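In structure tokens below, several structures.
First subunit A sits with subunit B, and in the next complex the same chain sits with subunit C.
Entry: the complex of A and B
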């Protein structure tokens, strides 16, 4: 019988281990090597804002409730998507998303450009019972968001964790995270001025859930949904640049 | 070379190992597997050459075909716009009167307007534009700011109480919560307002109408007018018609007067093109046709 190459290598334990390591590292190299230059491949977005503590808390709720299972946040380079949702998504737009929430399945619509598209009141009504505003909807109800107070005492730690993976939160942002969350959900509060000071004039400072006296999970999730696609104008500029 | 052993039943070569009396046949991988492996590898190599594939430092291999999906999609969008330009140019240039008089253009308005409406407006106003509690019915012909196409287009462009600098602004004050009127006064004016559109009133409410009329004259006429027919300048609703945004039951009307209302319609300038806004204004104008 012919002595195959594979038969030879299978019978040499050290050689076989080395071969496995060699082959597996090719796969690793292909996935990891481009990350070393990622700062140069992600488009420049100098106007990019950071998620406020309240929006970050909303993002965590988005993950907790599994919204990503039915909603994507990625407008692909396909004509029907661009015409329906707006400019295709850029890498820069999710540079502060840890983890990214691009999603891979759409039972509901894409949410990448949802921010500022509907009113807060609509989001609240829709999350409490989607059928109230969209009769044909199959989305579950999320009524408890309106009742649950948001946990805000640990938001500084969430910001610090994001900073550890590269989001440029400052010390002042981390220190004032809890106050900023309260301030963003109630423009009447003394704490609200610090929010726009630290996170930019374009930040939404509103009573998102209609109840100014309590910061609820509804406040956080609606604040997050209202900022989707609003953190930078880079995608609109890119599209406009190509149209010329 | 290991000792070659053959399986007595099939006559084929075994691996030479024996596990508790069981021996394993050495069956080679079928040739067809190698064939497809070779074909797919060849396909991959051709693909690498033709299409963008490998990251190289800060750039990547662009491929001989020079395909860029972002360019492809932008070209598709432009091509589609050129196809539509035959009539969108006319919609963009013509006045509303002129478009409404043109049956062919209005057919385009209905078809394209419907898609635009479903994608952007239906979430709040409903797929047929009939709205719901808190979201105005666009098919009722009861307009807060005016129902002619020019006004509708402007409302869509700047929104109502939106984040646009040019937004239309309107607010129903919280007469009860802010202490302007007492609870009984709010009840009275609610009874009067409900009597204006001939809603069924309870015994107690019927007795409040006269008092409510006076309170209305003192507090509400600035926006809603002496005849309570509202004002499209202030975005104040007509209180004598059958259209109610938040509901016409006594409790809801009480809440509206006691806690105030401030609806919010987002502005669509920037999200929708001027022609799209024009199409939507015209389409919204057609929504009531079925009902009337």
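Entry: the complex of A and C
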């Protein structure tokens, strides 16, 4: 009787290794590679603006504290989610998110459309002790954000790295990153005019944490939370278009 | 242990540790003002400490040729101990984060390192990479030598892999406490830790391929297929998903090369296959060796093993998209992911069934021997959780289960019921062999551990099924006037009793792991008094060399 074909493969270690890699590679190649080449994968969003240096720093704090483990930023195309959180998320909305923060678990609510929903003061109080504003909450306290000064001297390097991975920051944005962070957190500062000039009139220029004398981590995180879902109106247009 | 290394191996160790110390120094200096410097100091201290250890034994007499007539099991022994240490640490953090969801103030108030978001990945990495990874490395060295009838090719590289891997785990866990994370689930460590892991992994692969090249058995045994798939595919996944650009060489922080939808798909292609090739393939390798050995029965079906192996290797890689149902991921990818996830049940149950059918004729042993019972229950949970996984990958089911505790319950049915149970079973079989004892210190404590582990798993999984399904239903319930019936916080309040139950289940499981560690420790102590060498447990390859 002819030898069972698999018996031969089992005798050749290198062949076995190549077979494993070959067989295992197919799925990823078929599912991931086309996402980079098929144009419709990411919708056009011409009105989209970029994160300011302060908001990007806030986003990095969101990552540092592990917020993504309990909060998603991805509203699914389901009726109850759209009614609870707002228009479903589009791929375009996270096209500049390196990495994405879609999340996988909602121990707390989705945050994709959190921006402009609550006041800065609410966010600050909530982050210092969530149970002061939502008594049933199980969210941790983040009191240190209010005390820690934000590291802003290297924000230019952050923006440059972002540009290297594909986010269209301009030379002026990179050069002025540190000044823009200071300016966005204090409208009285001379540097604040440059922020709206570079990032658009709709940019929030405010004393986010209530303390104008210092740019804190609280400033950055609240600035980021206030811009969630606000970078482009594409999702609202998409939903309106579907309803017509 | 160092005196068991040859002189040239000691020199190699010193050279490598010197290079590592320089790397640590560079990180400490270049990363001033950044948490990176702390890791530089850790690397520097670890390599200097180990270097001192090697130096202290540098001139002790070289081991004789007789060492080649025995398998090289020192790294396996160390790996077992490290694995259990990580189990206790990782599960302790697990119980802590579980308790925080029931009682959010149960932490050091205002200590950033002790907040939920930072200690949660210490739990996940601690149990998956610390406990699971060390157990895989330790058992793979043992299984590889026995199934090849060949000694490991040298004595330095297994230590490099084991210690290097644990350095990676320490960097990962300490980094989380300082807030260093890429935010990619199960791929949180930053770029320098990722690069280090690639180096360790290449050496691990080389050990495998070099030992296989020396094998005295014509065929590569099925357990090694799975260990090889684990090593190879985890390397591919790890490299692709961790492609990132550091802000500078003085920053721990990096930005992922991919963004948005492509990043999400890459992450869950990685994430789901970390489950497949780390938490499934590797542990199937364990099961295919230790279960038949302990039951003293041959594997039920060779052909089922082949179908199952190639089915898992091929199909799992398509399944990741089921983590992204109804999201901004194009629907054609979601559908492919769902389809392959459902078909994946076939190879999964082929393995689970193969394991259970192997026990035919040995069920009386399952009744009497808690070690074998651990492995049997692991196979049952493997079958259950792969069925649940295929079920939850169906779009309609996923619309309810996604984002809820049901997912957490599913993961733990696999992690506690399958991964941890097969590991404990294998370790209870392996420890007496390694320390040349007839049996573990206390079979009774194995029995106690078994029931603690089983009760803990069942309590945990039932709590999460309940909370997950209630959560999912509350989020989508409408009242008569056509508006949503419950606010988000209503659903959170409803979770409270289940979160308490979950923490209790976890506590039972942790207690079991502590009992296991004690039992293993006492077995090791017994070995100081008397040793019973196992008959015939010697390499053919090394022996032939030594005799020439």
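Just so we're on the same page, the second predicted complex is superposed on the first by the 227 of 244 C-alpha atoms of A that agree within 3 Å, B and C clash if a C-alpha of one lies under 4 Å from a C-alpha of the other, contacts with A are read in each partner's own complex, and residues count from 1 in each chain.
Criterion: contacts are C-beta pairs under 8 Å (C-beta built on N, C-alpha and C of every residue); 3 or more make two chains touch, one makes a residue touch a chain.
On a predicted model such as this, the values are computed, not experimentally measured, just so you know.
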- Item | Which superposed partner A:68 touches (first subunit B, second subunit C, both, neither) | second
- Task: Tell me which partner A:37 touches in the superposition: subunit B (first), subunit C (second), both or neither.
- Result: first
- Message: Taking the superposition on A as described, I'd like to know which of subunit B and subunit C A:83 touches: first, second, both or neither.
- Response: both
- Task: Report for A:117: first if it touches subunit B alone, second if subunit C alone, otherwise both or neither.
- Result: first
- Tell me which partner A:211 touches in the superposition: subunit B (first), subunit C (second), both or neither. neither
- Item | Contacts of A:239 with subunit B and subunit C, given as first, second, both or neither | first
- Touch check for A:178: first (subunit B), second (subunit C), both, or neither? neither
- Message: On the A-aligned overlay, A:139 touches which partner chain: subunit B = first, subunit C = second, or both, or neither?
- Response: second
- Please name the chain, subunit B or subunit C, that touches the greater number of residues in subunit A. C
- subunit B/subunit C common contact set on subunit A: 40-41, 77-78, 83-84, 88, 134, 136
- Query: Which residues of subunit C touch subunit A in the complex?
  - Reply: 100-102, 104, 107, 109-110, 112, 115-118, 120-121, 176, 179-185, 209, 212-213, 218-220, 225, 228-229, 232-233, 236, 240, 245-248, 251, 253-267, 269, 306, 310, 313-321, 323-330, 333, 336-337, 340, 399, 402-404, 407-408, 475-476, 478, 483-484, 488-489, 492-493
- Residue set of subunit B touching subunit A in the complex reads 1, 4, 13, 55, 57-58, 69-74, 76-78, 80, 119-120, 122-124, 126-127, 132-135, 163, 263-266, 270-271
- Touch list for subunit A against partner subunit C, complex: 6-7, 10-11, 13-14, 16-17, 20-21, 23-28, 30-32, 35-36, 38, 40-42, 60, 63-70, 72, 74, 76-78, 80-81, 83-84, 88-110, 130-131, 134, 136-144, 154, 157-158, 161-162, 164-167
- Show which residues of subunit A lie in contact with subunit B when the two form their complex. 1, 3, 33-34, 37, 40-41, 77-79, 82-84, 86, 88, 113, 116-122, 125-126, 132-136, 204, 236, 238-239, 242-243
